[in-house]
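I've put the structures underneath this note.
Each of the next two complexes has chain A plus one other chain: chain B in the first, chain C in the second.
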Partner chain A sequence: MYNCYTPRVATKTQVSTLQTNSEIQAQRKKDDTGPSPARSESFRMDGRAYNQLRPVFIDLNTVSHASGSAYLEMEHTKVLVAVYGPKARQDVEFSDEGKLICDFRYSPFALRARRPTGKEKGGREGGREGGGGGGGGPQRDEERAASRTVSQALEASVQLAKLPKSVVEVFVLVLQTDGGEVGAAISCASLALAEAGIELFGLVASCEVVAFTPSEGKREWRVRVDPTAAEEGGEEGGREGGKEGGVVGLALMPVSGEVTQVWQKGRLDTRGSERALEMAADGARMVHALMRKRLLTYMEQEGGGEGGWGGLGEMTRDDRAMRAQDEKHPESVDGDVK
Partner chain B sequence: MDTVPSAISPSDSIAAPGDRIGRISSHQSGPGTYIKGGHIYASILGNIQILQPEKEGDLPMLRVSNPYKADADHAGAQNVVLAVGHVVTTRVLRITSKQAYVEILALGSVVLRQTCQGIIKKEDVSDHDIDRIEIPRCFRPGDIVRARVVSLGDSRQYYLKTAESELGVVYARSQTQLEEGGAEGGGRVMVPVSWEAMMDPLTKATEPRKVAKPSAKTD
Partner chain C sequence: MLSQARSRTELAFMEAGVEQDVRADGRRRVDYRDISVTVDVVPSSHGSARVILGHDATEVLAVVKADLSQPSYERARCGTLELNVEVSPLALLYKETGREVEDLNAELTTAFESFLVESGALDMEALCITPGKYAWTIYLDVIVLEGQGNILDAVSLAAYAALRTAALPGVDAISGGLDSANNPIEDFELSSTDILDAKPLPVQNLPICITLNRIGNFVVVDTAAEEEAEGGVQARLTVAVDETGHICGLYKGAGGGFPVGEMHTLAQHAVPIAKKVLEGLKAAIGLTDKKEKKGIEKGSSKLRCEAGTWRRDACVGE
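Right after this comes the complex of A and B.
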């Protein structure tokens, strides 16, 4: 299920190109031997090309009690983020800047393919590791690390100077993961912050890329954007028995061009890293375009829904529509509006 | 510098955070926007509005606002960040000889989702007769006080003042217990008689308070 369409991107001047699903289909039809011969990358297990993102589904204001929330799905990876705040900060003496706190948890049923327990891929079984795994118990190491990754990725985008003595809490819950959950969490959290009305410099979008070399001596790196769990890890499937490789994640705020976070698992040399990072940056820009479009559509169609009122008295849809009409002036804006 | 994709869709008057919406050479930056490198960008998701300038020669102001999310202009329970100069509505929790401890309930018409603590020091209660001010003759626990934020204070509380004629006690109940056993506050709601006293309308007994000057418009 998806409600965001991968937009067309000008590909001519870019090193790595990301194509829409329809372009790939058209190319396949034209060219029976398969994908672009220049790359000679075989298709992936789920039929995507090496530079094709998974279809994205975004829902906003999913957790209506929170200040803001978003839900993001990339096929089988499903992430839910709720944002609370800004609220008064109790822990320190006066601070003139706000603080962003992130709590990243896996749900008990979010198992990933490459757990050492040796269960099969998909993450649909009801088993859990350690009593009270996600949500309830203390954070596991990877959850703590992911919390740090996500909060650092988002910090640069929040106008913290406008939130003295305040804290903004970001709660991430991975409902199901099939690879790319940290990247998805970052993008989803950025949407939740925007939905909450917290003042931002811009949106942060994220993308992960797996890079591997099929044989050790050659140093010819192959990259695949938005890898599934199977493609991320292990010697089977996506890596085609590659000896060396790793997954690189990148979070980008396109408004300023800032890369707000980079993380890597595995082993890559500089060339592989470079290729992977470039592709991840392109992917992040595409995700950003999807996120932005979805926010605008949401604002236009549904407005704030019931979430913005904290249960203290609901406006009817008509009241809200009337108020929205009053607020919107159809004056044309300066030509800079793009 | 990377720029945002070219289409603003579906409607030109909605902006997402980070969208570039104007130039500082032709507009002022209003609430919901920020300035960077000579351009004005949206800080929040909302409708873009152009406000005509109040003074001649000023530039029109670009503003982004979301009517569904409460801010200082829209009512509703929300998390608003207090700033110096804001006038807030508070309830007195306890008093000492030197200061009054209050709980900040609302900013204008925005009820805070989570109350904060504030302090009104003896020196900040009134702008005349400072030496003779006694806190128990200005505030009592349970009073509702309108005050202005003086400083963001420390982690525990904000610092507030009532040293203006429009600030001070706006609602208080008298000491006298009602016959029927009464509500929590005890006595009857008092009416203001001067800047330093309020009166129980039935018993006519007055009690000292630092009273806010009643204004015609509701806030």
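Right after this comes the complex of A and C.
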């Protein structure tokens, strides 16, 4: 395991939605109420295009003691996930299906202002004991809510029917946050589950977008994929001082075409909501493509062929087919999994 | 008390019923249970409301209290809103573990807080009296007294009624002049001690939540407790809609998924439902009439949504 403070440099993503959604763009140009994506939407503080993700870096098996683990970086948002299980459930006598539990924590240094751990003051009564993660003190409300968000996003992807009387524990630790940490946690946890060899229906990828209207009265909605914390906050440069707007995040399992998690903060009207959901789904497909590619590369390096990854079941067969397709067309790695 | 486990036969029965637009209690998929709302139930507070869904099925109490505080340095011109949603032990939900109930409280609080705060419904700057010195802190406490289905919607209705009918005493800031220690005076005084002169909270476009539950391939609103049992609802989408029809928030619960192509139509499906519920709610708490005064018994009204029309049976007192 390398040192988290000196991670390898992430390469910029070259995937563009314009290729995969050319029909939608063409229709947009005909529809005059929609803004043309080629126009001045591209002004962002870090120079990205409106539909460009931040550089993504993925590493697997970071916590070697765990059943599975993954580390995901989206420029300055860094998330580490470890999966333990499946192991025997202690709380019930018998259950038909397995259970997925998530423990989401921010490390005390994750945000700009250091957060006190539960130990300084009295802390909350009845805090949680056990479980790994950073602070080790009682979980805050938002950490509990984020735990639910992540576990609900992943439940649909795990073949729980194959894990009776078992529990799979997912521990998420946010090392640094610059916007989009819950989405990053979902994607990273999905990779960790895959690396653990737990049988899945598919990978879940997540992406956030920020949507805003640059000025009051004009119904032109601008959407930016994968916002940083500054862009989300929308004060000066982020939303160009627009009044109306919000952040929409989405977790998608492309294998079944299902949205397993969605959240929105802020006000959007019909048009803005539609565009935001669409762009978030496109962004999630982009992230999914990157995740799949990285997982396959890792399999080749570490798994050593068929023997090492028997636990993945159907996924291995599908991915061999997808890999053959990718080798034919190396440039167009897009997220459309049929 | 209901048992939590549902047999497969019962679940199949429920799903088949939903397909045919007949639910276990005879409602259609888009029908809400009877909604009863009473305001001013806690006279010692600045605003309160009690909402009951169905026949004593889900009962929620929301109370608004305001206090003066010093605003923080970064937000010197703003008041604050402190929101807390919790399920009272009285509710005896089938979730027995303390940890699960705490998780549920946290989930409800953060979900609802993001709808309220991020939608900009409460004008924080209007709550400031003297920048940097005095500002209102609004405490909104919502307690779930009975939780037999559709808790989040009931929470939002109660909070809406409480915030819209809450009233703060008018306060004038006094400045200028020096006191005995030669410091500039920054103080405030009540504009009037008459209760009837209290000003309403600066809220506009307050959202309410409509929860859409996926059962099989159909979507129902206002699930009763037996529908919410384990395995009943595959996925749940809560849409916060404000009075102008804008979507102020999305929140998803339960472990399943929605088809990606349908996400937008699904969210938009909640908007006309929210409009109808809001109309009835506003009529019931007397907001469509002239400005109401605090202290006068507003009574309660039973709202019923059927086949696209609202029927209001008003009864004063309880």
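List of remarks:
Here is the rule we go by: the second predicted complex is superposed on the first by the 240 of 338 C-alpha atoms of A that agree within 3 Å, B and C clash if a C-alpha of one lies under 4 Å from a C-alpha of the other, contacts with A are read in each partner's own complex, and residues count from 1 in each chain.
Going forward, a contact is a pair of C-beta atoms (placed from the backbone, for glycine too) under 8 Å apart; a residue touches a chain by one contact, two chains touch by 3 or more.
For clarity, every value in this text was computed on a predicted model and none was experimentally measured.
Chain A has more of its residues touched by B than by the other of chain B and chain C.
Once the two complexes are laid over each other on the shared chain, residue contacts for A:Lys293 go to chain B alone; chain C is not touched. By the touch criterion stated above, A:Leu268 is placed in contact with chain C alone, chain B being left untouched. In the superposed model, A:Ser256 lies in contact with both chain B and chain C. In the superposed model, A:Thr228 lies in contact with neither chain B nor chain C.
Using the contact criterion defined above for the overlaid structures, shared-chain residue A:Ser206 touches neither chain B nor chain C, since it reaches no partner.
Touch criterion met: A:Ser67 reaches chain B, while chain C stays clear of it. Applying the stated contact rule after C-alpha superposition, one finds that A:Ala156 touches chain C and leaves chain B untouched.
By the touch criterion defined above, A:Gln176 lies against neither chain B nor chain C after alignment on the C-alpha atoms of chain A. Across the two superposed structures, the residue set of chain A contacted by chain B and also by chain C is 91, 253, 256-257.
The touching residues of chain A, when paired with chain C in their complex, are 91, 100, 126, 128, 139, 141-142, 144-145, 147-148, 151-152, 155-156, 244, 246, 248, 250, 252-253, 256-270, 273-274, 277-278, 281. Residues 7, 67, 85-96, 98, 157, 159, 162-166, 194-203, 253-257, 285, 289, 292-293, 295-300, 303-305, 308-313, 320, 323-324, 326-334, 336-338 of chain A touch chain B in their complex. Against chain A, the residues of chain B that register as touching in their complex are 1-14, 16-23, 26-27, 32, 34, 36, 39, 41, 43-50, 62, 65-71, 76-79, 81, 83, 111, 113-114, 116, 152-155.
Residue ranges of chain C in contact with chain A, taken from their complex: 97-99, 102-103, 105-107, 109-111, 114, 118-120, 205, 235, 237, 242, 245-261, 263-264, 267-268.
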